[in-house]
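In what comes next, chain A is part of two complexes: it sits with chain B in the first one and with chain C in the second one.
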Partner chain A sequence: MEFFFEVLIGGLLSGVMYALVALGFVLIYKASGVFNFAQGAMVYLAALSVAGCMEKGAPLWLAVILAFVIMTLFGIATERFVLRKLVNQPPIALFMATIGLAFFIEGLAPLVFGSEPRALDLGIVDEPIPYFLDQWNMVISKFDLVAAGVASVLVATLALFFQTTRVGRALRAVADDHQAALSIGIPLQHIWAIVWGVAGFVALVAGLMWGARNGVQFALTFTALKALPVLILGGFTSVPGAIVGGLIIGASEKLAEIYIPPVLAGWFGGNFGGIEGWFPYILALLFLLVRPEGLFGERHIDRV
Partner chain B sequence: MMHRCKPVLSAVALSLAMLSQGAAAAEEQFFPIPGYRVGPYGANGQAFYGGFVDYLNYVNLKEKGVNGVALTWEECETEYNNAKGVECYERLKGKAAKSAGPIHTMSTGISYALIDKSAQDKLPLAMVGYGRTDAVDGSVFPYAFPLVTTYQMQASAIVRFVKDKLGGSLAGKKIVYLYHDSAYGKEAIVALEAEAALNKFALVQIPVAHPGNEQGAQWLKIRQEKPDFVVFWGWGVMNQTALKGAQKVGYPRDKMIGSWWTGSEEDVVPAGDAAKGYMAATWNVAGKQVPVIADIEKVVYGAGKGNLQDKARIGTVLYNRGVSAAVLSVEAIRKGQEKYGKGKALSGEQTRWALENLNITEARLKALGATDLLPEIRTSCDNHEGSGKVKIQQWDGAKWVPVSGWIEGNKALIHPLFQASAKQYAKEKGITPRDCAKEK
Partner chain C sequence: MTTPAVEHYLSINSIEVIYDHVILVLKGVSLNVPKGKIVALLGANGAGKSTTLKAISNLLRAERGDVTKGSVEYKGQRIDQLSPNELVRRGVIQVMEGRHCFGHLTIEENLLTGAYTQPLSRGQLKEKLEKVYHYFPRLKTRRSSQAGYTSGGEQQMCAIGRALMAQPEMILLDEPSMGLAPQIVEEVFEIVRDLNSREGISFLLAEQNTMVALKYADFGYILENGRVVMEGDAGELRSNEDVKEFYLGLSSAGRKSFRDIKHYRRRKRWLS
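The block that comes next holds the complex of A and B.
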């Protein structure tokens, strides 16, 4: 039982890391109704910017500020050169544009900052906390707890931002209908620039945490793979949904990885380990059958 | 009239002279390089192919090629993608029709995709430390060369090292095999299972789904299993994640030994302090203390012809691996010229013969300034591997330090596995194996 709880808690804390990436997707989707294929690449760009600036001699705090500036400028440039021409186009056109954007970032970022994998030291050691180890014989990492704290603050801030500010309400209006939002005077271009800037900031936070955990390298783009089932489960439009979805996916994939393979091996023979690569997707697909809009997603009703 | 024609005739004469001079100097040995420098594993490719090209340049600058035959090459970017690898091969093979050095793809997937094609086109495929390992049996795979050592022999050598570390016996011990859940990761299982049966230790196999950037469950399981050692077969981000995972559950890093794809600077630097004490197998040694590496820096970079932008990467594990692969390739060209004529470029078929008759002794390595860079190699029709030896190196937080001499895997245990697999392949494909006895 002790081991079960250790796996469960470890899974929940991993889920928080997935939620950090999923938040970026939610932001863009809420503001433009577009699934941003480039979010994983943005995480990579943000982390690489920090590592690149540090390599040029900047201290961590300055590198983070510079990376934030880079991500904001990138967001504004995306609106100006990619999205502005696509206003009122079908969502699939915007989606295709983000695919192009992902390839562009994946090519450009290593050209500017170099492609060799680098360490990113945030000063938080990824080691078990002695208290939990001594008292409960449980491994709980300091780093994971900090990541959970960061994600909680981020989610609370973004939820408040969307619910209570004028910009937040404008963002939601734009997401519902570009043309209608424009017709009532909402400055679509500014709104998109803001939301891409905020998504860049979220990518920076995710990049810092994932980069510190696994190193700054191209594989950060793969973090998006972990966010997809989280989005399906939590809903594409819900900030709290991202965090709840992350927790469910994290916990279930870890429990599945530990407890399902021995059962399958007993039935069929062989080694069924490594199922956490696909298990979250199966879970999300099953969930779709029951609740297509996700746990917290907005139910979409069309007039016929 | 004659006066008017004179300049024209002179020009024609000069052109003909230049052409004939050009023809005399046109003997070139071409190396097709379907490699990668961008994409997910671009950093690894940059160091490897940087070392490879630097050595070819070094031979050109230092000796004016091999017996006067200039070494030339063309790279094509595969991005470590199988489809692009095949496309690159098809693009380069036309140029390789006249002369061809061994083809190094640095990818098991691309190598698998090219095995049949390269045999049909009579172009030799070198898979130094990767690729289809039963191609050790050259009677079935005449054009494929898993040179130096293979995953299985490496796994066997690691077991031998662990056995020594644990006092000479593995009976009753437990080893966890943590591996990338792919063909690459599964290659070593057959060897480890054979070793487990022979040495009576428990083997626990734990796969990690690609890309391996999340291993929380696996490391909690390892903590529960309490193994004596973890043998680790990772790739890319999986390597740093594993080292961090070990740190997170407090598993000692000096009880982890990785394969040679987990033992470069690119694998440990991003993990920071979590990597200190970690060990990995290697078939080439890192550092600039190897004379040929220091000389490449002096000669090639001194002439402004270095392939790497960042000179700090000279002497890293993967750079030296690229140089080692090039040393093998150039030595094959030398060997081939001994048979087919000095000063003549070799065709793919002739290079194949040379690769199958390599004999790089300690004395030859010394003459090349490559003592201890790589082990001695002696290939034959029935042994395309030629060595089967690795060293174990340990990361001290700043550099890789060798902690063993050359260790050979259990050949008597492992090579019959290759032969059985190759025999099966020949049966499936309807290949009649060559009689290696007649090739000697």
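The block that comes next holds the complex of A and C.
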């Protein structure tokens, strides 16, 4: 039984890491109705900026601040040079633009900071917490727990921001109807710049966590793919949905990895490892059939 | 024109609007909205009513339209280059055709977004909300419902209420009667009249429902094919034989029967 819980908790904690990436998607989707394909690339850019600045001799805190500045500037530039030209274009045009943006970042970032993989040391050790090890005989990573704490704070802040502040309300209004928002005097440019700035900040947090865990390397851009099933489960428009979706995906993929292969091997014989890699996508697919808007997503309102 | 003593809030001077660089929609439209009056912009589908309103509120650009000639002035200052945000700050706001409420926001949140341009404290905001609820008691009962699930009339009220939150001096109201039951249309127009007389808000309203619009407006313009073909006091227009025949469906012989709907007795004398 301890083993089950160990797997479950480990899964939940890694799910939090997925949720961190998914959050960035949710933000931009909420405010502009666009699936931002470049979110993974932004995570990479953020992590690379931190690692790059540290390599040049900056201490961690300064590197993080510099990376934050870079991400904010990047967000503003994206609004200015890409989105502003595409107001009132169909969402697919904006989506294509974000694909272009992703390739642009993936090309530019290594050019500036170098492309070799490197480690990112946040000063949090990735080792089992003695308490759980002694009392429960479970291996729970300290790093994962810290990451979970950071993610919870981030989610709580963002949820409050969206629900209660003037700008948060305006963000949701813009997501609902660009033109109407424009007509009542909400300046779309500011709103989009803010959203991309915040999404950049979320990418920075995700980049720090993922970079510290897996090293800063090009593979970070693929974290975006892991966020996809999370989004489908949680709903593209819900901040809490991203976190719940992340938890479900994280826990289920780890449990599936442990408990399904023996069953399959019993039926068919042979080796069924690596389920973890594709299980979330199957889950997402099933979910799409049953509840396409996700657990917490906004239902499409149709009046009949 | 009207007597020179009247102060013109908004004046449009022979504007021309072209969509997509090729489609000429407005061919020199001029009109004035005096302070504190309700002016109706009438005409059939595609006459250019909405385009005129959007040319004023500068929402045209987002639809690839451009004002190529003429000027738009508000209180004597040109406003054709201002962004919608700046216009709202100056007191000119448009309520778009088809209402365009934020469907996923509650009615109250919809109203609050209307105050985005206003630097208000929490108390002032509450006060404003109460004022809007005073004019639209229906909205108060639906305050926490998602706007997308409310009725068409409630959405129209929500859209007007949302505009009110921005402290406007002039509201450009596009087709408020669209898709509403006649009784609700009257209700909405009664509120418009109330706002006009009690809050002193001027209205420029585009309407296809000529009968209702002329009942509530002070002054009217009739638009056809991107041109103003007739203008005058609302009472004058109501009794004009051409207007009766072509827009109110009445002729000197009384209400028209559907049998002779194709045969107008009169010729549109402005068509040469």
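Here is the rule we use: the second predicted complex is superposed on the first by the 302 of 304 C-alpha atoms of A that agree within 3 Å, B and C clash if a C-alpha of one lies under 4 Å from a C-alpha of the other, contacts with A are read in each partner's own complex, and residues count from 1 in each chain.
As a convention for this text, contacts are C-beta pairs under 8 Å (C-beta built on N, C-alpha and C of every residue); 3 or more make two chains touch, one makes a residue touch a chain.
Predicted, not measured: the structure shown is a model, and the values here were computed from it.
Should the superposition on chain A be reported as showing a clash between chain B and chain C, or a fit?
Superposition result for chain B and chain C: fit.
Just checking: does A:139 make contact with chain B only, chain C only, both, or neither of them? Give me first, second, both or neither.
first
Of the partners chain B and chain C, which touch A:275 in the superposed model: first, second, both, neither?
So A:275 only meets chain B here.
Which partner reaches more residues of chain A, chain B or chain C?
Of chain B and chain C, more residues of chain A lie in contact with B.
After the superposition on A, what does A:172 contact: first (chain B), second (chain C), both or neither?
second
Classify the contacts of A:115 with the two partner chains as first (chain B alone), second (chain C alone), both, or neither.
A:115 sits against chain B, while chain C stays out of touch.
Is A:254 touching the first partner chain B, the second partner chain C, both, or neither of them?
A:254 contacts chain B only, not chain C.
Once both structures are overlaid on their shared chain, how near does any Cα of chain B get to a Cα of chain C? Whole angstrom is fine.
Chain B and chain C, overlaid via chain A, are at closest 36 Å apart by C-alpha.
Considering only the contact definition stated at the top, list the common interface residues of chain A for chain B and chain C.
Overlap of chain B and chain C footprints on chain A: empty.
Within their complex, state which residues of chain C touch chain A.
57, 59, 62-63, 83-85, 87-89, 93-96, 100-105, 109-110, 112-114, 116-117, 146, 148-149, 162-163, 166
Chain B touches which residues of chain A in the complex?
Within the complex, chain A contacts chain B at residues 3, 6-7, 10-11, 13-14, 107, 110, 114-119, 121, 125-128, 133, 139, 141, 143, 210, 213-219, 221-223, 225-226, 253-254, 257-258, 271, 273-278.
Hey, which residues of chain B end up touching chain A in the complex?
Answer in residue numbers: 38-43, 46, 181, 205-211, 213-214, 216-218, 220-221, 223-224, 236-237, 240-241, 244, 247-250, 266, 269-274, 310, 313.
Where on chain A is chain C touching in the complex?
87-88, 166, 169-170, 172-173, 175-187, 298, 301, 303
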